[in-house]
Amino acid sequence: MARIEVGILGATGMVGQQFIALLANHPWFKVTWLGASQRSEGKAYAEATAWRLAAALPEDVSKMVVETAAPGNAPKVMFSGLDSSVAGDIEKAFAGAGHLVISNSKNYRMDSTVPLMIPEINGDHLKLLDRQQSERGWKGRIVTNPNCSVIALTLALAPLRQFGLRTAMVTTLQAISGAGYPGVASWDILGNVIPFIDGEEDKFQPETQKILGRVVNGAIEGHPVVVSATATRVPVRDGHTVSTSVQLEQKVTPDAIIDAFNCFRGRPQELQLPSAPPQPVVYLADRNRPQPALDVNRGGGMTVSVGRLRACPVLDYKFVALGHNTIRGAAGAAILNAELMREEGLL
Amino acid sequence: MARIEVGILGATGMVGQQFIALLANHPWFKVTWLGASQRSEGKAYAEATAWRLAAALPEDVSKMVVETAAPGNAPKVMFSGLDSSVAGDIEKAFAGAGHLVISNSKNYRMDSTVPLMIPEINGDHLKLLDRQQSERGWKGRIVTNPNCSVIALTLALAPLRQFGLRTAMVTTLQAISGAGYPGVASWDILGNVIPFIDGEEDKFQPETQKILGRVVNGAIEGHPVVVSATATRVPVRDGHTVSTSVQLEQKVTPDAIIDAFNCFRGRPQELQLPSAPPQPVVYLADRNRPQPALDVNRGGGMTVSVGRLRACPVLDYKFVALGHNTIRGAAGAAILNAELMREEGLL
Amino acid sequence: MARIEVGILGATGMVGQQFIALLANHPWFKVTWLGASQRSEGKAYAEATAWRLAAALPEDVSKMVVETAAPGNAPKVMFSGLDSSVAGDIEKAFAGAGHLVISNSKNYRMDSTVPLMIPEINGDHLKLLDRQQSERGWKGRIVTNPNCSVIALTLALAPLRQFGLRTAMVTTLQAISGAGYPGVASWDILGNVIPFIDGEEDKFQPETQKILGRVVNGAIEGHPVVVSATATRVPVRDGHTVSTSVQLEQKVTPDAIIDAFNCFRGRPQELQLPSAPPQPVVYLADRNRPQPALDVNRGGGMTVSVGRLRACPVLDYKFVALGHNTIRGAAGAAILNAELMREEGLL
Amino acid sequence: MARIEVGILGATGMVGQQFIALLANHPWFKVTWLGASQRSEGKAYAEATAWRLAAALPEDVSKMVVETAAPGNAPKVMFSGLDSSVAGDIEKAFAGAGHLVISNSKNYRMDSTVPLMIPEINGDHLKLLDRQQSERGWKGRIVTNPNCSVIALTLALAPLRQFGLRTAMVTTLQAISGAGYPGVASWDILGNVIPFIDGEEDKFQPETQKILGRVVNGAIEGHPVVVSATATRVPVRDGHTVSTSVQLEQKVTPDAIIDAFNCFRGRPQELQLPSAPPQPVVYLADRNRPQPALDVNRGGGMTVSVGRLRACPVLDYKFVALGHNTIRGAAGAAILNAELMREEGLL
């Protein structure tokens, strides 16, 4: 079977590199086009950027010539790891020109016609696409995945909806790779904590409500969960840790919650999508887990690890969740979205 | 004026070294006795332990001979930085023998006759001592300071009592020095987060309630605040960061809260105690503060820095507090207790 | 084909865990026996130790009951990751009882009848075994691999022997995993450099001379290279970096040296041993490589990466080498030794 | 006595901030002028830059209005912490306009009429200034201090000149603050070693030869020492560690070398300059010192700590030196230069 040709917008950035690494041996997709800023145009990819991942840069990609991030000869399916400062215009241009843009950028996440997808949770949000082309006047489409921290949180919250999820209070301890490259200056973070990430906290409630929401008459009816977040940066390379307290409407035992985490499955598992982890949420019984150094790559970086479930004297339960922010929280998330869309006949 | 002779229990440990460093040029106290485990007995201090602080080891202390941690020839006033596994028996022995033990250990903190002091907040808890000797049968006394994280939290909460403090939800990001020495293995924490500190979370509610409580008929009536804590360890050398959300009975503006932080003063400031910071709680307006690397040594490590005050959608307000865990949170706390007691005529 | 049963001495330590991880899916060997200190005896492995690697603990090993590190029911082939404080006696006991001990410990490395092997360099040193049993009176045998830093250095020096290698001046920047567990206290290394590793520097010259030496009349004639080493510890999890200057008898061009690195092959490559990297030494052209974060896992952690070749004004050439200290430098080294011995008919 | 007004070029950078911190309470100098790039012009200093040091930003400096880095109303004495990309033109403009530029930048260090000073070593190099004005046609003057790593090395080598210093082979482990701000990206250095610093290694031999040289007929006759350097970056905030091997013409005992380190003094100590450490080089007997975390602030950051002296099998002796790179290696170095010049009547 011929692999589907895909392009990468923002190919030289941190998320762009992660797209390339994850697609290196993908059974369905093949990277044939790389787009970046004008500075990189015309250069071989290996010259246009310093490869910064431990995973090897595929030989064929290293020689590809980088193009400006504009539609033209790009393939139909485009993954976008563009910086939000430019993603708005570029992604619109590609969607307008008929491309399917599967984006990790924040710009269209809250657009009422754009799915904000975590395929295990809300693959049915693809229905929004029915209205997108007519309402936006695009020949193509845009589909998005959530913010890296929100993905880890929401995968841990989704199994709790059955218990009447009301509120979530979270403090995140986020890895430096989440800030892109060059991102955080080493002087600012080495041996330090920065208790602020610009624009981050405001995304938690709206994105979570949309993700956990349902499609009613072609529009999202958001989930009523109230989310309060404090986002901090810590000297960790990969892996966002999310300290979480939740309020639930129902009385429920710890064992029932642990079962809910471990038994949670979605369409990607049903369809056995290539990037789908066998178990999207894994509860770890050891009292000092999850830890980025030990757990971040579980399920190829697509599994969210949860631990430390216990009663919360203020709300109902507390736990700690961990997700790989550039795999499950960015490039891997977008690839899983594309895989689902292929199986749904939307590529 | 002759300085008061003091001894140090647990002199070779992390907190013991911090006691020695902070007392090096103290105007009132002079270290003349060092106690540690039998392994160190009879050795010069510089041989009994590897000095692990950047502050210089005072020449005279380096040559002192370490004694076993048992009463006998020790001075009346003893600072204790003993590990909790041995502090219970040793501190009792010293108190029984007539010493005043000013302890950083957890063992007697919740004893109903032992003050758990932060002098800015509850210097009047010294009244408990009236009952201590009779009830415990000790010729001497024990006074304690709180857990290192609880101190930072409680100094930030104390100014909010006036607004009807009801609940506090906290996630801490704690420095490695809080675990003593050798403490946390580097393999466990380098580039990592450990979302668990043994025994730590359980201290938050009882210690906070006692510290913020008042003395009624010679006993503490605890403050009714409900505290829920998640304690994590991060790769920071010194400084515990406390992400905090609070619920208040009264409607209050952010400015009023910031004023409350900045105007908070206590007996140590009135009396101008040598270790008292001019301002025990400082609110930092910059949106990315406080940070351990920049703020931990404010006020000689005795000031708690607070920042990021904003509304909390789940409770009422959120903020981040930071305190130096081995100075304000341990050795400096005990020394401030001793300074207050001297002024109150209790040495 | 049935896999050969192997046991692991020091199974709960850092190197022991690495043995288990690397042997998890080994085509020739199967772990069936675990030995550790008496404290662990009788416990299931998962209870006897905290698994500290990101690689998963194999299900079957987690349930194995740990035995005392004494011969008896152990399989013939034993891998040893014992601490040197106990390895001397225990390995002798196993060798005496007929076991083949493939050891990572330092105790027998410099014994004149014990091969100190890096299979790419000196597989022929197995000839020493002819004398070992008679001279030592053991029914079994001991084979060792070098110190973790020395392996990285020696693999980089071996290709230079053809140019008349005379001296090597090295400064190492060693990872914390090299110190075992708990090893280096986090307080000592976080944001710090420790310019001393106990006993480390003294191993460089004797081990290098033995490894690069040749067997003459059944004994090693050491290579005459003079080695001067400074060993430092840096806050890196895995990967020893070795800054190296060498003096060579012959005039040689940089290109010839780079070719020598890249073309270097040995018996493991010829025999295509399961753990043999296709290329044992890889020269990286980028001027800022090798780096632990990017290069340590090259060749499954079995490749030594070299970079920055340039003229040295004091000696002749300078370069930087990097090797994975617990894989190529410890457990993987021992496994490669065992693989070679199997092919040589010595198991 | 009125303090001398001084200005700071590059006031918003890492070295500029360090100048401000060190001059906060200087007895002789008072900062009255701040220059930076046009982007900062007209802004209050506190708005023009984020203060990034733990030392407090002085209240008066925080309110100063930043000016463009051009002569005009600037005071006569100017400290320069400019980036080398702009320092060449700007410093020349100031010198041309009659200012005394005391520079930390590399641009004029190797100019034959510009002193490259470490006052303890070569205060007599100020004689070069006699020729500078006539040869360069400047109304003012430029005086420089060496590269941050070279200062630490050279202060350790200077006491060895008496033994016939011939060669030095060094590997540095340099702190991130040496790269300025934002400098090294956290992704590049967290838990990593970068074995390359652009342009750094080439400075070692020429700067060291000039610094240790003597003035003959108004020109520097360089010291003949041959220096070979490998420069690496490590995850340390402040403090460059220099692993060093030296060759000496004379036979000399370790004790004689240690005495040479400890007894080394220069003009700053004679004159008791405000920033002069009592002992410029301190030998530490503990076998695991010097360490950045413990020793970098010795002598207010102006002392170079040396340790681990032992025989080198390739050259003669090995040791490890450590200096604070932004104090002794940058801002403090320039201030000490200015202090010496004041006492020499050159301000």
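Order as written gives the chain letters A, B, C and D; numbering starts at 1 within each chain.
We take it that a contact is a pair of C-beta atoms (placed from the backbone, for glycine too) under 8 Å apart; a residue touches a chain by one contact, two chains touch by 3 or more.
Computed from a predicted structure; not experimentally measured.
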{"item": "Chains contacting each of chain A and chain B, listed by label", "value": "C, D"}
{"item": "Most distant chain from chain B, judged by the mean position of its C-alpha atoms", "value": "C"}
{"item": "Chain pair with more C-beta contacts, A-D versus B-D", "value": "A-D"}
{"item": "Inter-centroid spacing, chain D versus chain A (mean Cα positions, whole Å)", "value": "47"}
{"item": "Between chain D and chain B, distance of the C-alpha-averaged centres to the nearest whole Å", "value": "40"}
{"item": "Numbers and ranges of chain B residues touching at least 2 other chains", "value": "52, 190-191, 235-237, 293-294"}
{"item": "Complex contact set, residues of chain B against chain C", "value": "14, 52, 176-177, 181-191, 235-237"}
{"item": "Contact set on chain D toward chain B in their complex", "value": "52-54, 190-191, 237, 286, 293-297"}
{"item": "Residue numbers on chain B that touch chain A, as the complex places them", "value": "167-169, 171, 173, 190-196, 205, 226-228, 230, 232, 234-237, 239, 241, 243, 245, 247, 287-294, 307-308, 312-315, 318, 320"}
